[in-house]
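Each of the next two complexes has chain A plus one more chain, namely chain B in the first and chain C in the second.
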Partner chain A sequence: MLHLFARTQKQKKLVHNLSCRGVSHIDFGSLKMSGGPGLESLVDQTISVITNDGRNIVGVLKGFDQATNIILDESHERVYSTKEGVQQLVLGLYIIRGDNISVVGELDEDLDAHLDLSKLRAHPLKPVIH
Partner chain B sequence: MLPLSLLKSAQGHPMLVELKNGETYNGHLVNCDTWMNIHLREVICTSKDGDRFWRMPECYIRGNTIKYLRVPDEVIDKVQEETKSRSDRKPPGVGRGRGRGREDGPGGRQPKGIGRGLDDGGAKGMGGGRGRGGSGGKAGGSRGAGRGRG
Partner chain C sequence: MLFFSYFKDLVGREVTVELKNDLAIRGTLHSVDQYLNIKLENTRVVDQDKYPHMLSVRNCFIRGSVVRYVQLPPEGVDIELLHDATRREARGG
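Up next, the complex of A and B:
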(Lines of atoms letter the chains of each structure in order from A and count residues from 1; the text may use other names and numbers.)
(Lines give C-alpha, C1' and ligand atoms only; values in the text may rest on other atoms or scores of the structure.)
Protein backbone atom coordinates (compact mmCIF):
# COMPACT_ATOMS: atom_id res chain seq x y z
CA MET A 1 0.00 0.00 0.00
CA LEU A 2 1.71 3.04 -1.33
CA HIS A 3 -0.09 5.62 0.75
CA LEU A 4 1.22 4.06 3.98
CA PHE A 5 4.61 5.61 3.28
CA ALA A 6 3.14 9.07 2.95
CA ARG A 7 3.08 11.00 6.19
CA THR A 8 2.18 14.58 5.40
CA GLN A 9 -0.81 15.87 3.45
CA LYS A 10 1.54 17.05 0.71
CA GLN A 11 3.09 13.59 0.40
CA LYS A 12 -0.34 11.92 0.23
CA LYS A 13 -1.37 14.25 -2.56
CA LEU A 14 1.85 13.49 -4.42
CA VAL A 15 1.33 9.75 -3.97
CA HIS A 16 -2.19 9.97 -5.35
CA ASN A 17 -0.96 11.98 -8.29
CA LEU A 18 1.88 9.54 -9.06
CA SER A 19 -0.09 6.33 -8.50
CA CYS A 20 -2.47 7.53 -11.21
CA ARG A 21 0.59 7.53 -13.50
CA GLY A 22 1.65 4.01 -12.60
CA VAL A 23 4.37 4.84 -10.04
CA SER A 24 4.46 2.10 -7.42
CA HIS A 25 7.23 3.04 -5.00
CA ILE A 26 8.48 6.29 -3.58
CA ASP A 27 11.19 6.53 -0.95
CA PHE A 28 10.20 9.46 1.24
CA GLY A 29 13.25 8.82 3.34
CA SER A 30 15.42 10.08 0.53
CA LEU A 31 12.93 12.65 -0.72
CA LYS A 32 13.11 14.28 2.70
CA MET A 33 16.78 15.06 2.10
CA SER A 34 16.07 16.84 -1.17
CA GLY A 35 17.18 20.11 0.47
CA GLY A 36 20.78 18.90 0.55
CA PRO A 37 23.11 17.61 -2.13
CA GLY A 38 22.55 13.92 -1.31
CA LEU A 39 26.23 13.10 -0.79
CA GLU A 40 25.66 10.84 2.27
CA SER A 41 26.58 7.71 0.33
CA LEU A 42 29.97 9.20 -0.63
CA VAL A 43 31.16 10.13 2.88
CA ASP A 44 34.55 8.57 3.68
CA GLN A 45 34.96 7.59 0.03
CA THR A 46 37.40 9.03 -2.46
CA ILE A 47 35.71 11.56 -4.70
CA SER A 48 36.73 13.71 -7.63
CA VAL A 49 35.59 17.32 -7.72
CA ILE A 50 35.57 19.67 -10.69
CA THR A 51 35.52 23.28 -9.56
CA ASN A 52 34.15 26.28 -11.41
CA ASP A 53 37.66 27.46 -12.19
CA GLY A 54 38.34 24.16 -14.00
CA ARG A 55 40.46 22.43 -11.36
CA ASN A 56 40.17 18.72 -10.62
CA ILE A 57 40.61 17.91 -6.93
CA VAL A 58 40.62 14.33 -5.64
CA GLY A 59 40.23 13.49 -1.95
CA VAL A 60 38.24 11.73 0.73
CA LEU A 61 34.85 13.31 1.42
CA LYS A 62 34.60 13.97 5.16
CA GLY A 63 31.49 16.13 5.25
CA PHE A 64 29.13 18.42 3.40
CA ASP A 65 26.18 20.73 4.07
CA GLN A 66 23.05 22.11 2.39
CA ALA A 67 25.09 24.61 0.40
CA THR A 68 27.30 21.78 -1.00
CA ASN A 69 30.27 23.13 0.90
CA ILE A 70 32.47 20.05 1.27
CA ILE A 71 35.35 18.85 3.42
CA LEU A 72 38.04 16.99 1.48
CA ASP A 73 40.77 15.14 3.38
CA GLU A 74 44.10 13.97 1.92
CA SER A 75 43.24 15.90 -1.21
CA HIS A 76 45.39 16.53 -4.22
CA GLU A 77 44.92 18.48 -7.42
CA ARG A 78 45.44 16.84 -10.80
CA VAL A 79 46.83 19.28 -13.29
CA TYR A 80 46.26 18.26 -16.89
CA SER A 81 48.35 19.43 -19.80
CA THR A 82 48.89 18.47 -23.43
CA LYS A 83 52.69 18.82 -23.15
CA GLU A 84 53.41 16.49 -20.23
CA GLY A 85 51.79 13.90 -17.98
CA VAL A 86 49.34 14.72 -15.19
CA GLN A 87 50.94 16.58 -12.27
CA GLN A 88 49.63 15.82 -8.80
CA LEU A 89 49.84 18.61 -6.25
CA VAL A 90 49.35 17.68 -2.62
CA LEU A 91 46.76 19.96 -0.98
CA GLY A 92 45.84 18.24 2.29
CA LEU A 93 42.69 19.19 4.19
CA TYR A 94 40.39 21.47 2.19
CA ILE A 95 37.02 23.12 2.68
CA ILE A 96 35.61 23.92 -0.75
CA ARG A 97 32.77 26.41 -0.85
CA GLY A 98 29.71 25.07 -2.68
CA ASP A 99 29.53 28.15 -4.92
CA ASN A 100 32.75 26.99 -6.53
CA ILE A 101 31.78 23.35 -7.17
CA SER A 102 30.61 22.16 -10.59
CA VAL A 103 30.71 18.37 -10.32
CA VAL A 104 31.20 15.84 -7.53
CA GLY A 105 31.85 12.28 -8.65
CA GLU A 106 32.61 8.96 -7.00
CA LEU A 107 36.13 7.80 -7.87
CA ASP A 108 36.53 4.17 -8.90
CA GLU A 109 39.74 3.42 -7.01
CA ASP A 110 40.46 0.14 -8.84
CA LEU A 111 40.17 1.82 -12.20
CA ASP A 112 42.15 4.82 -10.95
CA ALA A 113 44.99 2.58 -9.72
CA HIS A 114 45.38 1.17 -13.23
CA LEU A 115 45.80 4.62 -14.81
CA ASP A 116 49.30 5.69 -15.72
CA LEU A 117 48.90 9.40 -15.02
CA SER A 118 52.42 10.18 -16.23
CA LYS A 119 51.40 9.10 -19.73
CA LEU A 120 48.00 10.78 -19.70
CA ARG A 121 47.71 13.97 -21.77
CA ALA A 122 44.65 16.19 -21.77
CA HIS A 123 43.65 19.78 -22.24
CA PRO A 124 43.10 21.62 -18.97
CA LEU A 125 39.43 22.45 -18.35
CA LYS A 126 38.25 25.97 -19.01
CA PRO A 127 36.62 27.82 -16.14
CA VAL A 128 32.84 28.01 -15.96
CA ILE A 129 31.48 31.20 -17.48
CA HIS A 130 28.48 32.65 -15.64
CA MET B 1 30.84 16.43 9.88
CA LEU B 2 29.81 19.88 8.68
CA PRO B 3 32.28 22.11 6.85
CA LEU B 4 31.42 25.03 9.12
CA SER B 5 32.11 22.99 12.29
CA LEU B 6 35.52 22.13 10.90
CA LEU B 7 36.10 25.80 10.22
CA LYS B 8 35.02 26.70 13.76
CA SER B 9 37.49 24.13 15.15
CA ALA B 10 40.24 25.73 13.09
CA GLN B 11 40.10 28.86 15.26
CA GLY B 12 43.61 29.90 16.25
CA HIS B 13 45.18 27.83 13.48
CA PRO B 14 46.93 29.17 10.40
CA MET B 15 45.03 28.80 7.14
CA LEU B 16 45.02 29.74 3.51
CA VAL B 17 41.93 31.28 1.96
CA GLU B 18 41.51 31.69 -1.77
CA LEU B 19 38.88 34.16 -2.93
CA LYS B 20 36.84 33.87 -6.10
CA ASN B 21 38.93 36.66 -7.62
CA GLY B 22 42.06 34.52 -7.18
CA GLU B 23 43.63 36.49 -4.33
CA THR B 24 44.87 34.36 -1.45
CA TYR B 25 45.02 35.28 2.22
CA ASN B 26 47.33 33.51 4.66
CA GLY B 27 46.63 34.14 8.33
CA HIS B 28 45.46 32.82 11.66
CA LEU B 29 41.72 32.36 12.05
CA VAL B 30 40.30 34.52 14.83
CA ASN B 31 36.62 33.84 14.29
CA CYS B 32 34.03 32.75 11.76
CA ASP B 33 30.25 32.63 11.52
CA THR B 34 27.52 30.59 9.87
CA TRP B 35 27.88 32.57 6.62
CA MET B 36 31.58 31.60 6.45
CA ASN B 37 32.54 35.23 7.04
CA ILE B 38 36.00 35.01 8.57
CA HIS B 39 38.27 37.19 10.64
CA LEU B 40 42.02 36.62 10.17
CA ARG B 41 45.02 38.02 12.00
CA GLU B 42 48.65 38.44 10.84
CA VAL B 43 47.66 38.23 7.20
CA ILE B 44 49.69 38.03 4.02
CA CYS B 45 47.63 38.72 0.91
CA THR B 46 48.90 37.46 -2.43
CA SER B 47 47.67 38.74 -5.79
CA LYS B 48 46.03 36.40 -8.31
CA ASP B 49 49.29 35.97 -10.23
CA GLY B 50 51.28 35.40 -7.05
CA ASP B 51 53.67 38.22 -7.87
CA ARG B 52 52.57 40.87 -5.37
CA PHE B 53 52.21 40.62 -1.59
CA TRP B 54 50.66 42.74 1.11
CA ARG B 55 50.97 42.32 4.87
CA MET B 56 48.13 43.41 7.10
CA PRO B 57 47.60 42.97 10.86
CA GLU B 58 44.05 41.72 10.38
CA CYS B 59 41.30 41.38 7.84
CA TYR B 60 37.66 40.39 7.61
CA ILE B 61 36.50 38.38 4.61
CA ARG B 62 32.87 38.08 3.54
CA GLY B 63 32.00 34.38 3.24
CA ASN B 64 30.47 34.44 -0.20
CA THR B 65 33.71 35.71 -1.78
CA ILE B 66 35.59 32.56 -0.70
CA LYS B 67 36.51 29.83 -3.19
CA TYR B 68 38.16 27.42 -0.76
CA LEU B 69 40.02 27.20 2.55
CA ARG B 70 43.09 25.11 3.22
CA VAL B 71 43.33 24.15 6.89
CA PRO B 72 46.02 22.18 8.79
CA ASP B 73 45.48 18.40 8.70
CA GLU B 74 45.35 18.07 12.50
CA VAL B 75 42.19 20.21 12.73
CA ILE B 76 40.06 17.30 11.54
CA ASP B 77 41.14 15.23 14.56
CA LYS B 78 40.29 18.14 16.84
CA VAL B 79 36.74 18.48 15.53
CA GLN B 80 36.15 14.74 16.01
CA GLU B 81 37.25 15.04 19.66
CA GLU B 82 35.02 18.06 20.19
CA THR B 83 31.89 16.42 18.81
CA LYS B 84 32.62 13.31 20.89
CA SER B 85 33.05 15.23 24.15
CA ARG B 86 29.92 17.24 23.42
CA SER B 87 27.82 14.10 23.04
CA ASP B 88 29.39 12.65 26.23
CA ARG B 89 28.58 15.72 28.28
CA LYS B 90 24.91 16.01 27.37
CA PRO B 91 22.86 13.09 28.69
CA PRO B 92 19.47 12.76 26.98
CA GLY B 93 16.41 14.17 28.74
CA VAL B 94 18.04 17.18 30.40
CA GLY B 95 16.16 19.62 28.24
CA ARG B 96 12.82 17.95 28.85
CA GLY B 97 13.28 18.08 32.61
CA ARG B 98 13.84 21.81 32.53
CA GLY B 99 10.76 22.37 30.44
CA ARG B 100 8.47 20.55 32.86
CA GLY B 101 9.79 22.53 35.82
CA ARG B 102 8.76 25.77 34.20
CA GLU B 103 5.26 24.68 33.38
CA ASP B 104 4.57 23.23 36.83
CA GLY B 105 5.23 26.30 38.98
CA PRO B 106 2.58 28.96 39.62
CA GLY B 107 4.97 31.53 38.24
CA GLY B 108 5.37 29.34 35.17
CA ARG B 109 3.82 31.87 32.85
CA GLN B 110 6.05 34.68 33.97
CA PRO B 111 9.38 33.14 33.02
CA LYS B 112 7.81 31.77 29.88
CA GLY B 113 6.84 35.27 28.86
CA ILE B 114 10.31 36.57 29.57
CA GLY B 115 11.81 33.78 27.58
CA ARG B 116 9.69 34.54 24.58
CA GLY B 117 10.64 38.19 24.75
CA LEU B 118 14.29 37.30 24.74
CA ASP B 119 13.85 34.99 21.78
CA ASP B 120 12.13 37.69 19.75
CA GLY B 121 14.89 40.12 20.60
CA GLY B 122 17.50 37.64 19.48
CA ALA B 123 15.77 36.94 16.21
CA LYS B 124 15.42 40.63 15.51
CA GLY B 125 19.06 41.21 16.30
CA MET B 126 20.11 38.49 13.89
CA GLY B 127 17.96 39.83 11.08
CA GLY B 128 19.37 43.30 11.51
CA GLY B 129 22.87 41.92 11.82
CA ARG B 130 22.62 40.12 8.53
CA GLY B 131 22.08 43.34 6.62
CA ARG B 132 24.68 45.24 8.51
CA GLY B 133 27.21 42.44 8.39
CA GLY B 134 26.78 42.16 4.65
CA SER B 135 27.56 45.67 3.61
CA GLY B 136 30.02 46.23 6.44
CA GLY B 137 31.98 43.09 5.62
CA LYS B 138 32.24 43.88 1.96
CA ALA B 139 33.29 47.45 2.52
CA GLY B 140 35.81 46.36 5.15
CA GLY B 141 37.32 43.74 2.86
CA SER B 142 37.86 45.99 -0.12
CA ARG B 143 39.01 48.83 2.06
CA GLY B 144 41.62 46.60 3.66
CA ALA B 145 42.98 45.48 0.33
CA GLY B 146 43.06 49.04 -0.99
CA ARG B 147 45.06 50.24 1.96
CA GLY B 148 47.56 47.47 1.43
CA ARG B 149 48.13 48.42 -2.18
CA GLY B 150 48.53 52.10 -1.44
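Up next, the complex of A and C:
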Protein backbone atom coordinates (compact mmCIF):
# COMPACT_ATOMS: atom_id res chain seq x y z
CA MET A 1 0.00 0.00 0.00
CA LEU A 2 2.95 2.23 0.77
CA HIS A 3 3.70 3.07 -2.86
CA LEU A 4 0.29 4.77 -3.19
CA PHE A 5 1.52 7.67 -1.10
CA ALA A 6 4.78 8.12 -2.95
CA ARG A 7 4.64 10.49 -5.86
CA THR A 8 8.14 11.70 -6.67
CA GLN A 9 11.05 9.47 -7.72
CA LYS A 10 12.82 10.37 -4.47
CA GLN A 11 9.81 9.27 -2.40
CA LYS A 12 9.48 6.00 -4.35
CA LYS A 13 13.14 5.23 -3.73
CA LEU A 14 12.73 6.02 -0.02
CA VAL A 15 9.67 3.78 0.14
CA HIS A 16 11.55 0.93 -1.50
CA ASN A 17 14.42 1.24 0.98
CA LEU A 18 12.05 1.39 3.94
CA SER A 19 9.85 -1.50 2.88
CA CYS A 20 13.01 -3.63 2.67
CA ARG A 21 13.37 -2.84 6.39
CA GLY A 22 9.78 -3.67 7.22
CA VAL A 23 8.35 -0.15 7.49
CA SER A 24 4.78 -0.16 6.20
CA HIS A 25 3.45 3.39 6.47
CA ILE A 26 4.83 6.88 5.84
CA ASP A 27 2.79 10.05 5.71
CA PHE A 28 4.51 12.18 3.09
CA GLY A 29 2.14 15.04 3.85
CA SER A 30 3.47 15.40 7.36
CA LEU A 31 7.06 14.81 6.21
CA LYS A 32 6.67 17.85 4.00
CA MET A 33 5.33 19.96 6.88
CA SER A 34 8.20 19.00 9.15
CA GLY A 35 10.56 20.03 6.35
CA GLY A 36 9.38 23.61 6.84
CA PRO A 37 8.77 26.21 4.17
CA GLY A 38 10.36 24.56 1.16
CA LEU A 39 9.42 25.58 -2.36
CA GLU A 40 8.19 22.09 -3.42
CA SER A 41 4.59 23.21 -3.56
CA LEU A 42 5.46 25.99 -6.05
CA VAL A 43 7.28 23.88 -8.64
CA ASP A 44 5.78 24.31 -12.14
CA GLN A 45 3.73 27.26 -10.89
CA THR A 46 4.14 30.90 -11.85
CA ILE A 47 5.99 32.78 -9.15
CA SER A 48 6.98 36.38 -8.55
CA VAL A 49 10.48 36.86 -7.17
CA ILE A 50 11.70 40.02 -5.48
CA THR A 51 15.48 40.26 -5.52
CA ASN A 52 17.74 42.05 -3.06
CA ASP A 53 18.40 44.84 -5.58
CA GLY A 54 14.65 45.50 -5.79
CA ARG A 55 13.85 43.82 -9.09
CA ASN A 56 10.66 41.86 -9.66
CA ILE A 57 11.00 38.77 -11.87
CA VAL A 58 8.01 36.61 -12.82
CA GLY A 59 8.36 33.11 -14.25
CA VAL A 60 7.65 29.40 -13.84
CA LEU A 61 9.59 27.72 -11.02
CA LYS A 62 11.49 24.74 -12.41
CA GLY A 63 13.86 23.98 -9.58
CA PHE A 64 15.40 25.13 -6.31
CA ASP A 65 17.83 23.95 -3.64
CA GLN A 66 18.70 24.34 0.05
CA ALA A 67 20.30 27.76 -0.52
CA THR A 68 17.13 29.05 -2.28
CA ASN A 69 18.94 29.17 -5.63
CA ILE A 70 16.10 28.93 -8.13
CA ILE A 71 15.58 28.10 -11.80
CA LEU A 72 12.90 30.14 -13.57
CA ASP A 73 11.54 29.35 -17.01
CA GLU A 74 9.80 31.77 -19.40
CA SER A 75 10.67 34.59 -17.06
CA HIS A 76 10.20 38.31 -17.49
CA GLU A 77 11.06 41.32 -15.39
CA ARG A 78 8.40 43.84 -14.35
CA VAL A 79 9.94 47.27 -14.22
CA TYR A 80 8.07 49.76 -12.02
CA SER A 81 8.33 53.49 -12.49
CA THR A 82 6.36 56.59 -11.52
CA LYS A 83 6.48 58.08 -15.03
CA GLU A 84 4.80 55.27 -16.98
CA GLY A 85 3.03 51.96 -16.45
CA VAL A 86 4.84 48.71 -15.65
CA GLN A 87 7.21 47.63 -18.44
CA GLN A 88 7.76 43.91 -19.03
CA LEU A 89 11.19 42.76 -20.22
CA VAL A 90 11.50 39.22 -21.55
CA LEU A 91 14.35 37.31 -19.87
CA GLY A 92 13.72 33.63 -20.70
CA LEU A 93 15.40 30.87 -18.69
CA TYR A 94 17.04 32.28 -15.58
CA ILE A 95 18.94 31.00 -12.56
CA ILE A 96 18.85 33.31 -9.57
CA ARG A 97 21.37 32.83 -6.78
CA GLY A 98 19.72 32.39 -3.38
CA ASP A 99 21.81 35.12 -1.72
CA ASN A 100 20.12 37.60 -4.00
CA ILE A 101 16.49 36.57 -3.28
CA SER A 102 14.18 38.37 -0.83
CA VAL A 103 10.70 37.03 -1.48
CA VAL A 104 9.21 34.23 -3.60
CA GLY A 105 5.47 34.78 -4.05
CA GLU A 106 2.93 32.40 -5.56
CA LEU A 107 1.31 34.41 -8.38
CA ASP A 108 -2.48 34.07 -8.30
CA GLU A 109 -3.31 33.87 -12.03
CA ASP A 110 -6.85 35.26 -11.56
CA LEU A 111 -5.72 38.25 -9.54
CA ASP A 112 -2.88 38.86 -11.98
CA ALA A 113 -5.21 38.72 -15.01
CA HIS A 114 -7.36 41.46 -13.46
CA LEU A 115 -4.37 43.69 -12.81
CA ASP A 116 -3.92 46.50 -15.34
CA LEU A 117 -0.14 46.80 -15.38
CA SER A 118 -0.20 49.68 -17.86
CA LYS A 119 -1.95 51.86 -15.25
CA LEU A 120 0.16 50.76 -12.28
CA ARG A 121 2.70 53.36 -11.18
CA ALA A 122 5.09 53.05 -8.27
CA HIS A 123 8.66 53.65 -7.25
CA PRO A 124 10.89 50.63 -7.80
CA LEU A 125 11.44 48.67 -4.56
CA LYS A 126 14.39 49.72 -2.47
CA PRO A 127 17.40 47.42 -2.38
CA VAL A 128 17.93 45.30 0.73
CA ILE A 129 20.44 46.83 3.14
CA HIS A 130 21.90 44.25 5.53
CA MET B 1 17.47 26.59 17.68
CA LEU B 2 15.55 28.56 20.31
CA PHE B 3 13.93 30.97 17.90
CA PHE B 4 13.22 28.18 15.42
CA SER B 5 11.16 26.40 18.10
CA TYR B 6 9.65 29.69 19.15
CA PHE B 7 8.42 30.49 15.64
CA LYS B 8 7.16 26.93 15.17
CA ASP B 9 4.83 27.52 18.12
CA LEU B 10 3.49 30.63 16.38
CA VAL B 11 2.34 28.74 13.26
CA GLY B 12 -1.26 29.67 12.44
CA ARG B 13 -0.99 33.15 14.01
CA GLU B 14 -1.28 36.43 12.16
CA VAL B 15 2.11 38.18 11.93
CA THR B 16 3.66 41.14 10.12
CA VAL B 17 7.11 40.59 8.65
CA GLU B 18 9.14 43.72 7.94
CA LEU B 19 11.93 43.22 5.42
CA LYS B 20 15.28 44.95 5.05
CA ASN B 21 13.94 46.76 1.96
CA ASP B 22 11.24 48.41 4.17
CA LEU B 23 8.46 46.26 2.67
CA ALA B 24 6.09 44.98 5.38
CA ILE B 25 3.98 41.89 4.66
CA ARG B 26 1.12 40.75 6.87
CA GLY B 27 -0.24 37.20 6.77
CA THR B 28 -0.85 33.92 8.59
CA LEU B 29 2.34 32.12 9.56
CA HIS B 30 2.31 28.83 7.63
CA SER B 31 5.76 27.45 8.40
CA VAL B 32 9.32 28.25 9.34
CA ASP B 33 12.61 26.36 8.89
CA GLN B 34 16.09 26.21 10.39
CA TYR B 35 17.23 29.31 8.46
CA LEU B 36 14.14 31.17 9.78
CA ASN B 37 12.80 31.33 6.24
CA ILE B 38 9.10 32.08 6.63
CA LYS B 39 6.06 31.07 4.62
CA LEU B 40 2.96 33.28 4.93
CA GLU B 41 -0.59 32.67 3.68
CA ASN B 42 -3.33 35.20 2.85
CA THR B 43 -0.70 37.88 2.55
CA ARG B 44 -1.17 41.57 1.95
CA VAL B 45 1.44 44.28 1.85
CA VAL B 46 0.94 46.82 4.64
CA ASP B 47 1.16 49.94 2.44
CA GLN B 48 -0.36 48.70 -0.86
CA ASP B 49 -0.49 52.14 -2.50
CA LYS B 50 3.21 52.66 -2.04
CA TYR B 51 4.12 49.01 -2.75
CA PRO B 52 1.78 47.52 -5.42
CA HIS B 53 4.51 45.03 -6.41
CA MET B 54 2.83 42.04 -4.76
CA LEU B 55 -0.83 42.75 -5.52
CA SER B 56 -1.41 39.35 -7.14
CA VAL B 57 0.45 37.35 -4.48
CA ARG B 58 -1.54 35.61 -1.72
CA ASN B 59 1.03 33.09 -0.47
CA CYS B 60 4.70 33.80 -0.18
CA PHE B 61 8.07 32.54 0.96
CA ILE B 62 10.35 35.06 2.67
CA ARG B 63 14.07 34.39 2.89
CA GLY B 64 15.22 34.51 6.52
CA SER B 65 18.25 36.63 5.65
CA VAL B 66 16.12 39.62 4.57
CA VAL B 67 13.83 39.75 7.62
CA ARG B 68 14.30 42.84 9.80
CA TYR B 69 11.42 42.37 12.26
CA VAL B 70 8.60 39.93 12.88
CA GLN B 71 5.71 41.68 14.62
CA LEU B 72 3.79 39.19 16.76
CA PRO B 73 0.35 39.15 18.34
CA PRO B 74 0.72 40.15 22.02
CA GLU B 75 -0.84 36.87 23.17
CA GLY B 76 1.86 34.99 21.24
CA VAL B 77 4.60 36.26 23.55
CA ASP B 78 5.32 34.52 26.84
CA ILE B 79 7.99 36.85 28.24
CA GLU B 80 8.78 34.71 31.28
CA LEU B 81 9.37 31.66 29.13
CA LEU B 82 11.57 33.61 26.67
CA HIS B 83 13.59 35.15 29.53
CA ASP B 84 14.29 31.71 30.98
CA ALA B 85 15.11 30.16 27.62
CA THR B 86 17.43 32.95 26.45
CA ARG B 87 19.30 33.00 29.79
CA ARG B 88 19.69 29.24 29.68
CA GLU B 89 21.07 29.46 26.14
CA ALA B 90 23.42 32.33 27.13
CA ARG B 91 24.84 30.14 29.92
CA GLY B 92 25.55 27.52 27.29
CA GLY B 93 23.22 24.89 28.67
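The criterion applied here is as follows: the second predicted complex is superposed on the first by the 93 of 130 C-alpha atoms of A that agree within 3 Å, B and C clash if a C-alpha of one lies under 4 Å from a C-alpha of the other, contacts with A are read in each partner's own complex, and residues count from 1 in each chain.
Note that in this section a contact is a pair of C-beta atoms (placed from the backbone, for glycine too) under 8 Å apart; a residue touches a chain by one contact, two chains touch by 3 or more.
None of these values were measured; they are calculated from a predicted model.
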item: Simultaneous placement of chain C and chain B on chain A, clash or fit; value: fit
item: Which of chain B and chain C A:Leu125 touches, first, second, both or neither; value: second
item: Contacts of A:Leu93 with chain B and chain C, given as first, second, both or neither; value: first
item: Contacts of A:Ile70 with chain B and chain C, given as first, second, both or neither; value: first
item: Touched partner set for A:Lys62, first chain B, second chain C, both or neither; value: first
item: Which superposed partner A:Val103 touches (first chain B, second chain C, both, neither); value: second
item: Most chain A residues touched (candidates chain B, chain C); value: C
item: Smallest distance from any CA atom of chain C to any CA atom of chain B, in Å, after fitting; value: 15
item: Touching both chain B and chain C, residues of chain A; value: 99
item: Complex interface listing, chain C residues touching chain A; value: 19-23, 25, 30-34, 37-39, 43, 50-63, 65-66
item: Residue ranges of chain A touching chain B (in the complex, touch as defined); value: 51, 53, 62-65, 69-71, 73, 91-97, 99-100
item: Complex interface listing, chain A residues touching chain C; value: 33, 35-39, 42, 48, 50, 52, 54, 56, 68, 78, 80, 98-99, 101-108, 111-112, 115, 120, 122-123, 125-130
item: Contact set on chain B toward chain A in their complex; value: 1-7, 20, 36, 63-64, 66-73, 75-76
